[in-house]
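Common to both upcoming complexes is subunit A, partnered first by subunit B, then by subunit C.
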Partner chain A sequence: MSEVRTDMPAEELLDEAEPRAESRAAIASPLRLMWWKFKRHRVALWSGYFLLFAYLVMATAGFWAPSTPNERSRQLYAPPQWVKIIGPEGELRRPFVYGYEMTRDLNTLRPVYTRDESQIYPIELFVRGAEYKLLGLIPWDVHLFGVSEGYIYLAGTDSFGRDMFTRLVYGARITLSVGLVSVMLSLVLGLIIGGVSGLYGGWVDSVTQRVIEAIIAIPTIPLWLGLAAAVPRDWPAVYQYFAILVVLSLISWTSTARVARGRFLALREQDFVTAARVYGAGTGRIIRKHLVPNIMSYVIVTITLAIPTIIIGETALSFLGVGLRAPTVSWGVLLQEAQKIQVIQFYPWLWIGPALCVIVIVLAFNFVGDGARDAADPFSK
Partner chain B sequence: MGSYIVRRVLQMILVVFIISMVAFFVIQLPPGDFVTSYVSSIAAGDRITQDAILALRQQFGLDEPLLMQYFRWITNVLQGNFGLSFQLQRTVGDLLAERLPLTLAITIPTTIFVYAVAIPIGIYSAVKQYSVGDYLFTFVGFIGLAIPNFLLGIVLIYLSTRYFGGNVGGLFSPEFENAPWSVARVLDMSRNMALAIIIIGTSGTAATMRVMRGMLLDELSQAYVETARAKGLSEWRLIMKYPVRVAVSPVLSTVGFTLPAMISGTEITATVLNLPTTGPLLLNAVKSQDMFLAASIILILSVLTVIGTFISDLLLVWADPRIRL
Partner chain C sequence: MSDAILKVRDLKKHFGGKKPLFGKAPRAVRAVDGIDFDLRRGETLGLVGESGCGKTTLGRCIVRAHDPTGGEVIYDDPDRGPVDLAALSRKELQPYRLEVQMIFQDPIGSLNPRMTLLEIIGEPMIVNGLATGAEVKKRVGDLLVRVGLRREHMNRYPHAFSGGQRQRIGIARALALNPKVIVCDEPVSALDVSVQAQILNLLQDLQRDGDLTFLFIAHDLGVVEYVCNRVAVMYVGRIVELAETDDLFARPLHPYSEALLSAVPVPDPEVEGHPHLLQGDVANAVNLPPGCHFHPRCVYCVARCRTEDPELREVNGRKVRCHRAEELDLEGVAQEEAVHG
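Coming up: the complex of A and B.
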């Protein structure tokens, strides 16, 4: 991936001086060619930037969240507060939120929150608050935003009065990392199995192909459920996390393997591979230096399109209660609340938040994957 | 054609064999054998003697090597004996007979729905590329692809309870739950099933119409289209008669991916909408590590998928002579 750099002078040349760019393009690696094409796909490019930002937020969750995920408060099931800049008398103020006044519905005993216009909590930037560990290492207590008096719940609170916004930010840590790590795992599996299958051919290839066909024919959710059943309930959260990672990648390697096999089959007959062999290069060297760089663009497309599937998989498994479990905070775990019909009906912010997060991230990955697919196709304009 | 069918059948048998090994692997996965989980599941109630445990172990051949256990299991399965659900104390075969028909009654219409909706939209989008309609469908397609179907189910439950005061979920509305069969009851059931079909079919439709659009766009830029146009064929007949027929065949051949996805979708959506398919049954089986039941459901769903794909492949070969036998 280190070859995809934005500071290459060559790409400027491609945009501005066509004739000279052509000679540059002649020596550009497939990945660089792909990047040049990808950049012209605006939606994909901006989705890519958005995803980079999302992963940055994920890595530094404590800073972006005003609270910590398990901090309880007295405001149970409070709906989201709106950020206002017009005060109660119509005057312009710095951004603030109103406090709540809670009463109970006497019939259902559900809490009912009304806006209390006498309580105004101005939003401050870079406030000191609960301590957290930046990147899991550096203790710090500065949060991007917060209030010094009162409370701020931009996405409402749950049954324990925990801030949903904070939990969403922390949930991203698990959900997004599951997607990435699991795809890397399936990438390694897929490259090795697909590569061996494509390079050796013969009965190895036939058996591998049948195994892949069998796995593709098994409906994913049922198989995931079956495999997830084996994860012991009393395992610590970290073990469960890795177990789910493995379960998800045990199925998703097939798409990478198919791509790798197909490309290897096509490439091993090419002249440059024969030339390398004639020069006495070993199989390992040919794979590393000649084959893998040539299939990288296809592999990138496959994995960007596989990540959303994995993210939806984690969400679905956790939602059904067989994936990750509380106290782990992931978007799927947050969605478990939506198993209760009362929550769906009366506290919609508890599931709309995580649902929107999942949809937006999956959408962004699909756009990037689409752009990458167009860019990887040497015949597309 | 004959030799093609034979080859495909042999391939299919091999695939089914591998699937059965995967299913058996799933049975073996949980720590301890299933007699341990059986014992722990009934330990709360009555007591079980060591002798009884030993007898159970022998009955299921748990002391034998893994390979023998597999053969014992697969022979039983081939004879239609799927084993026992410990939790429900019934044979797995009975439970499957009860739940499987509804799974199929939802999956098959959904698959037809997906292609019936996606192909016309794909054709429209390709023919009117970059029109308002094309952008609209592209947008809807991307959104449809990004919303997992169980979330769509939740949204639907929310909207109907909130704004329509209706009730979603279950196969029947409450007033028909225990009513005798009548026209109104059938209508009520089809309404609930139609809802499920739309929820499950959305993402498949979104994906398929993108593929159809792409395939047809490739065809539309071919020279033969221009030739036909130059010869004065009407635009509608020209498109439907040549490029669409060429483009539709690879789209239909994606059924091998669509079918498992539809079954997956049916199972998870059924747990949200509380439909009595194999989905909720599987989820419960998995949660209580009732592994014979879980593995049998996985096995039977997968085998049905393989058969479905096989049939559709045969139809495709029959319909499109260009496919190499």
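Coming up: the complex of A and C.
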């Protein structure tokens, strides 16, 4: 039985035993095929790179921000400064910003800033400044850019004279991590619940499906509001952060669970799973080797598309005052300022900045999700 | 040659029919409803019938991908003696998994797209503890060569292969455990005609070289004629005729066999028409007609057929389930000489 046949008829080898195409696609793994397919979507690819960069910035916020988020200054409500390279006499200079001259509007007492062309603050790279902890661990004081004299407010300042650019960078830390962590939480919940539901079927499946339908039937924002409002207001910031994380993932796991269940149901009828049972593979092995690898791409797509919802959720809750609260800095917390009519009218940089950040990140996730959805099935043309 | 390696006795598989929480129990789908036959050591037994007759279900009950509702599947193990596979628990079954394997119909769905050929063909050996590490690699390489592929292919994924090649991979996986019996569930139905013959040749070569017994499921009698020693004709969950291939083709005893035969393409265009082509659809396995299950579609139906269910009985040394088997003179197909080898 173990003898090896090498005497296949020649025409058989010619006809059939050649791989379909000796192209690189023939040898590539499915993962690689997916990557190739994803790459074909330029927008998705660049959005992906952008998101990677955004998460890098998030992880090393202190380095990218010229200041620290709670550092106050005497320039209250200062508008954004523009980076210039043409000096007051029309000469070319290294990038710099002009200082401000502040006056008060005598009717409203609002500060009015005008450019003071006599004050020129050249922008320097890798300057030493306020100390921060890189990755939350390593104390360091080098910032990507900054000025050694004067001040730099690329996105303006708020009512305490705090640098908005710095606050946006630090806000990304909270908002983006909420998105990622709570999606991971819903991934785990969704995979386990969806998996059990799809694999065991029967009444377990029925009950799970009804529960999911009930959760989906409740409008998201009121449900989030209700749950978030139940988080005690006097909890420390860290607890609040995790409470909001959990509240947000309590809802988003449902879509992951549905996708996982549907895929499990379809897969467990596939012949390769039957084959594995027939040669005696155990349930654990079948789940690990045959089912999970074949659903992961679909789950990842669902998750990519769920992150923007979660980010918007965090923003909305914080904006409405039941999510995160100052002194925590998140984009939603920053947007709270936009509840004041004067801010909307006179200090638009206070809300345009965070709003733009949210929009750009949400769009990027959606583009990546669209590309990933196409790539999830690498064998279709 | 004629001793049975596998005896199937009154095998039944009904789907559904469990009483739900509320309301009446629905009626079960009687996909396999009392099947008896012997699979002789070294033979190829064909199992034919239209789509939906329960052929796949029967095959899956034999390899215990389904748990049968009733009946016995007695495997005659040369070392351990006869054992009823249908009655074993999953754990007790494990050693017999090596003996009975299956080849699937769908060349795409039967291979995990996320595994390399090495993993696909090697996994049966690994889970059954037949080989580890480098030994798995060597054996997989040997199997690939045996089914007409190349050793170098073992690191590729199934998507790199054509339908016929994928069937070869499936065959290699079935051979990985060195089984005695292989249930081939329409292994060539999904393939191009030009490739079908190559796969059939491969199966025949494998059978000749290694001491293999095949249960060969097909809906196409043309293929069956080419590879099978005997043929069992199945209609809604039951065998209606069981005969040597030559006898069946020369003179079928059951009207259903005749109808299936008249659908076999005739090489000679001079031969006129097929008067016995089947009308209507396969009977519903939930709501079977009374009497002979085939009677609504049978052109020879008489009053008795509508009320009395015929038994599978011995007629001229063949088995047939028809009241009128002796009196009817049914039409076979003129066999080409020298087809059988």
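Going forward, the second predicted complex is superposed on the first by the 345 of 381 C-alpha atoms of A that agree within 3 Å, B and C clash if a C-alpha of one lies under 4 Å from a C-alpha of the other, contacts with A are read in each partner's own complex, and residues count from 1 in each chain.
Operating definition for what follows: a contact is a pair of C-beta atoms (placed from the backbone, for glycine too) under 8 Å apart; a residue touches a chain by one contact, two chains touch by 3 or more.
Computed from a predicted structure; not experimentally measured.
For A:Ile86 in the superposed arrangement: first (subunit B), second (subunit C), both or neither?
Neither subunit B nor subunit C is touched by A:Ile86.
Scan A:Ala326 for contacts with subunit B and subunit C and give back first, second, both or neither.
So A:Ala326 meets neither subunit B nor subunit C here.
In the superposed arrangement, does A:Leu56 touch subunit B (first), subunit C (second), both or neither?
Once the two structures are laid over each other on A, A:Leu56 reaches no partner at all.
One more residue to check, A:Ile216. First (subunit B), second (subunit C), both or neither?
A:Ile216 contacts subunit B only, not subunit C.
I'd like to know which partner A:Ser29 touches here: subunit B for first, subunit C for second, both or neither.
So A:Ser29 only meets subunit C here.
Examine A:Thr315 and indicate which partner it touches, taking first as subunit B and second as subunit C; both and neither are also allowed.
The answer is first: A:Thr315 touches subunit B but not subunit C.
Figure out whether A:Trp351 sits in contact with subunit B (first) or subunit C (second), or with both, or with neither.
first
I'd like to know which partner A:Val246 touches here: subunit B for first, subunit C for second, both or neither.
Neither: A:Val246 stays clear of subunit B and subunit C.
Could you list, by residue number, the parts of subunit C that touch subunit A in their complex?
21, 60, 63-65, 93-94, 97, 101-102, 104-106, 109-115, 119-120, 123-124, 127-128, 142, 145-146, 148-150, 153, 155-157, 159-162, 164-165, 168, 170, 173, 176-178, 194-195, 198, 201, 205, 209-211
Can you list the residues on subunit A that touch subunit B in the complex?
Touching subunit B: residues 210-211, 213-223, 225-230, 232, 308, 312, 315-316, 319-322, 335, 338, 341, 344-345, 348, 351, 355, 358-360, 362-363, 366-367 of subunit A.
Within their complex, state which residues of subunit A touch subunit C.
Result: residues 1-6, 8-9, 12-13, 15-17, 19-21, 25-30, 33, 203, 270-272, 274-282, 285, 289-290, 293-294, 378-379 of subunit A touch subunit C.
Under the definition above, what is the set of subunit B residues touching subunit A in their complex?
Going by the criterion above, the answer is residues 11, 14-16, 18-19, 22-23, 26, 29-31, 142-143, 145-148, 150-151, 154-155, 157-158, 161-162, 256-257, 260-261, 263-265, 267-268, 271, 282-283, 285-287, 289, 291, 294-295, 297-298, 301-302, 305-306, 309.
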